[in-house]
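Here chain A shows up in two complexes: once beside chain B, once beside chain C.
On to the complex of A and B.
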């Protein structure tokens, strides 16, 4: 027999279970459902009723023939229709030029941004792993961007990139008004914010390499490059892989910087995949299509992550 | 040191029991606060047609309403001065304000989901009214109800400026009124009169006519003004750039920006429909015709002489650029005049700025044989009632709508942070008439000649297409226009791309 006190544990679990069901499982299931449907919400006239016309005192107004004067009251009803459309929303995504543009923008952003962050992060970690002046202070300064809110950063860089009177105006570069430069600006902001994260993790990994190993390697070579290539880099590889994975998954969801810095413009030059999906869903109220786009991204991310981990596991085995 | 009771409460309750009680209390409190927080309050005292006015105003005393509005001066002013309304009615109103794109998203979700978290909405004609028209209550039902308080001036067309009630209240047919005109944003030209006077001789020597704005100033001349200022600046003189357009994220303001130029040249409109009423089936668009391609090219040329951050500036940033003294002209909505005349924040304040109607069409640019007009477009912001709300909530909301659009409230807002009246009678108030000249305590009144005497009157007035897919339409225009302006495609390619997408949008 279960004691009352044993049942209590289920009660305590209930909020967490409800939370997951309400805010994770249900939205996920519902958005899958939406992605296979055309969702139409409209107000339809559900009926008409003749009601008596009343005068100021609340009495019925009579017609000359003595019958009560009436007026037609229209009853309206909100109707939601979910029309099963098989894979039409998914197929539409492949035909939609804006989707391909968003894929191109996001792909460029991920490729250039994440690669630069990892290379810069490695270089900085190497630098800060040596005895340099004010290392602790500089390290603290370096990691500050990680803690800033991307939305705030977007607005901050809007003022920095502003061509007239902005601190970078002397460059003469059309940071936000030229399609190519606008994407470059978005990438620069992301690099500025996330290179410190790569740097911090790489620095911790570098400091975790045993001194004995490095000292014995130095007996075999005096070349710093060889030391990196044959000793340090192989040891850092798992950490680099994890950082790459984390940054990749995050970068594919690029939204906040675009939303604040360029709003996807000029034109659609910086419209990322998630920003476009957001606009389709919440601006144009096409929830079925937006859900399909979101799931396509989810599938892409899952494929990348699975392949990535498989490759990582193989390299270990 | 402290006295410990012999049998204190905390010793008589086990830790487990304590946690159980605590958890239960927290759950109850959480559920209770959610229930209270999400629900509006409605209380009603019955009134009759013969009841006193006071009883009609007070019939929902103790109720609470939520109004989702754009962050415009009237909403700020009304939010800060709700006490008179509360004293009059006993109804508490919470006014939430945000940028229009955010308002559009929030009310869209609320309306389409069948909910009524926001009982009153800011119904901007095109981005909110046109797509969500069916979800608003018919205000005429309440306007003819003797048990509700009514405005002494009434709510018929004659009470408002011409076209205003139709613009925000009638969608696709005259059958229903979904909103009363609450505020308006009418385009007019803001220009630096001090700089125009200073450089007039130099300009006249170059171009053979005066550097000045009149109702007959054309878009071609505006281009020449802007090019002149840019040339001076490039020659090293300390002058602002000439002009800048509306881009950034407010898609419909980019659409309006090119539309007023198109309309000025032969009264070109996007679809062959009743522009003021709109249409659910607009048919094929006129984009791609000779006029649209020609004017698109002129718009692109205009961008070349604009402020360098032209493409990055939305409507709000554009006004900031003008305030900062970085441009000498902008076509802007007249509600911004108050911010321009604020000496604490604006370098264009203190009598430096003058206001004129939107430029006129250049006769030699007209391709469709129509007249040259001062194409002037606007956004009429209505106040509408969510039809998902209960009957009593709708009635209580109507009371607020009547008060918020009344002459006295609009006058108070105009005196305060700078309103944009929609009732004709406000302009008849002697204080307002006096305020149309400098020095003035109502800076928006300085624009009234350009706006109310010229801009909103036929044949100059153009609203912009009221179609259910208005937001999709604006987004298409924004994208293709910006691609053209940034050199990614030609004017013709842009217009044809718009036509293809818009016709596709309407299954044509």
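On to the complex of A and C.
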């Protein structure tokens, strides 16, 4: 019989701990380390010699002229030098005009996109909470965009916004070739995809409000607006807060739509913060700077979330 | 059944013996020394004839010199019948039969190739034995000692035979570093001008053009200024009968993060380069001052060229600011624009009637020059009546190099050199889908080269189109003045910021001066960060500057 000692418990925990250490803690620690260092790598050839080619049985392979076939064996060593650069990568981020532009782009995207999604989601939830024709069918259609892959959506909208012969070309709007419109296009795609999520959650919350409460409220007012303002909205507030937080966290990571629809362009008009950080790291191989940028974003997000929850807690207290 | 199979094999062996050949699935060894490489049904059963001598000493009917070895080639992904990755896939079974080895092909989108390559090399993982690189990767590859020289392999006589002498000096430079060979011949990139022969030679348009602009419509245009006039003349008119809509002048591929900046490089060269006999501080330089690494990119010549490109852009569809190669090429192929200047792929795509409506009217010429250029020495504009054409090797000239971490460098080289032998190279150039563009002497028509018109016509080319096309490329790669190629550490980063600023200028967000000043400012920061002395030395080596 196994004794349920604390040691056995730790054994059960070990795989999870190892997983977290390997795939979370180590990369996190390494990227912090990288963000404070310059990394130089170079291959150094330490030796080169001709060695005989052997067959499967270990015998030398001979050339047609009877001489043993040889191959070059080169001893190489990869030398890596990490140089402490203090806060150079972080300081660089504050000087980098592309970073400030990316902050502006991401900020605009979050502000306009998330606000519109929540307002539209609320409006749709209100509409679908009433008796309308084919409500179930329409509701199913409404939520389909949530399940689409963002990369695929990017390519889909690339064809929709195609300005010469695309489905929306009749509008004459320079969807992707004008810097302002390009950012608008990215926001439209995100609204299209994520409004249904807001709608779905708000609808569930609306349907969770007890009928008795609404009926009692209706005895006090006949105004639908007052009902919303003083009864429904306060009850929805916690749900709105959670949706806002989820969407905020997701929108700050804007990457895939930009990568497929505009590649950050024209110029850097739609280059989001994460897209820029990704390019710096994985396209230009400047992992130190990319790590520093990632940590700066992490700090900003943590501050926002902390302030947000503090405010939420205060409103309940 | 067993008896039947044995009889069949015996009969086949007798038949082969009678014909004096040893036939494999992908390689036939003929007794007279000829060797036939067979690409199989996926490639229309194409065959390429070579010789035992050309294949080198290692390969032979009874030889499997790399049996058991597996090599991996990293290349851009255009599919098994697409540019660059297509021919590698096509010749894989041939090499596997010749060598006894196994070839794995690692495919990544072109935009991710540099990152994947550098990740492998910087970590020393050694996943890839060979990488099909763009020449602009060389700065990083050489600085890190990440690739191995191939001169010894070439001299050994063991491997398939090819030579750097087949390349014009402009292309040879891209495959070597300080006289040492690293790259194996494959593709030759450069931008030339494609134009609609029928539109430009139409007498009605010629008369109308002369009436409007006061001079004869030049075919092809000799200067960019003439090209702009012609472009403006045709823009907005329905001069192409393929549809009832108005057509355009020049179509460009300007999408940021792709190949838009190459347009600027090729176009600006005759504005911004001061021609001279050799590379010195002021002559034949384009990117940086070779004495101190100060950027030249915002010189008046470069700025004027960008302002010119902005004007030229107005003669094409506004949407092209967001267009990649495919969209721009298709626009020209559908007959919607009178000009496009781009790579050799366009010439071969013109011949593909499933995609092109202009076969037979797809003329080509070396890129125009400029009637004025900036003199870096006198710091003044020079106006000239005899503009000098400036050739370019703009693009990647995608070719194989061997990783320093390869465990099988000989096997790897044997594959790359098989792709580089003359008959394979000619076959690749003849077949447009391979993405392997012509640039080597034997691919040009006689008397400049060894190819015949018949070779190309048999491969489906229109005779007039291919004559223009090959002449354009010959003149481009052998031009007396060439746009120097940026091969320094961090070249993709230098180009990345230039690309973004150019795109901003083309979208109207920045003026030409502002875009190039911003580029120069960031280039200075990059140079400082990477180490000015180190980068300066690389730059001098890359362009052949002697202090």
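One rule holds in what follows: the second predicted complex is superposed on the first by the 268 of 317 C-alpha atoms of A that agree within 3 Å, B and C clash if a C-alpha of one lies under 4 Å from a C-alpha of the other, contacts with A are read in each partner's own complex, and residues count from 1 in each chain.
As a convention for this text, a contact is a pair of C-beta atoms (placed from the backbone, for glycine too) under 8 Å apart; a residue touches a chain by one contact, two chains touch by 3 or more.
None of these values were measured; they are calculated from a predicted model.
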Between chain B and chain C, whom does A:12 touch in the aligned arrangement: first, second, both, or neither?
first
Under the stated touch criterion, which partner chain does A:174 make contact with: chain B (first), chain C (second), both, or neither?
both
Between chain B (first) and chain C (second), which, if any, makes contact with A:134: first, second, both or neither?
neither
First, second, both or neither for A:268, with chain B first and chain C second:
both
Which superposed partner A:163 touches (first chain B, second chain C, both, neither)
both
Return first, second, both or neither, reflecting whether A:282 touches chain B, chain C, both chains, or no partner chain.
both
A:72 in the overlay: touching chain B, chain C, both, or neither? Say first, second, both or neither.
second
Based on the superposed arrangement, let me know which partner A:63 touches: chain B (first), chain C (second), both, or neither?
second
Shared chain A surface residues [contacts with chain B and with chain C]:
41-43, 55-56, 76, 78, 98, 162-164, 174, 176-179, 262-269, 279, 282-285
Any idea which chain A residues touch chain B in the complex?
5, 8, 11-12, 15, 41-43, 54-58, 76, 78, 80, 98, 158, 162-165, 174, 176-179, 262-269, 279, 282-285
Chain A - residues contacting chain C, complex:
41-45, 53, 55-56, 61, 63-64, 69, 71-72, 74, 76, 78, 97-98, 162-164, 174, 176-179, 182, 262-269, 271, 279, 282-286
Which residues of chain C touch chain A in their complex?
57, 60, 63, 65, 67-68, 111-112, 114-115, 118-119, 121-124, 143-146, 148, 152, 255-258, 317-322, 331, 404-405, 409-410, 490, 492-493, 496, 500-501, 503-510, 518
Chain B residues within the chain A interface of the complex
16, 19-20, 23, 27, 48-50, 101, 104-105, 108-109, 112-114, 131, 134-135, 146, 241, 247-249, 307-312, 314, 321, 324, 326, 387-388, 471-472, 475, 478-480, 482-483, 485-486, 488
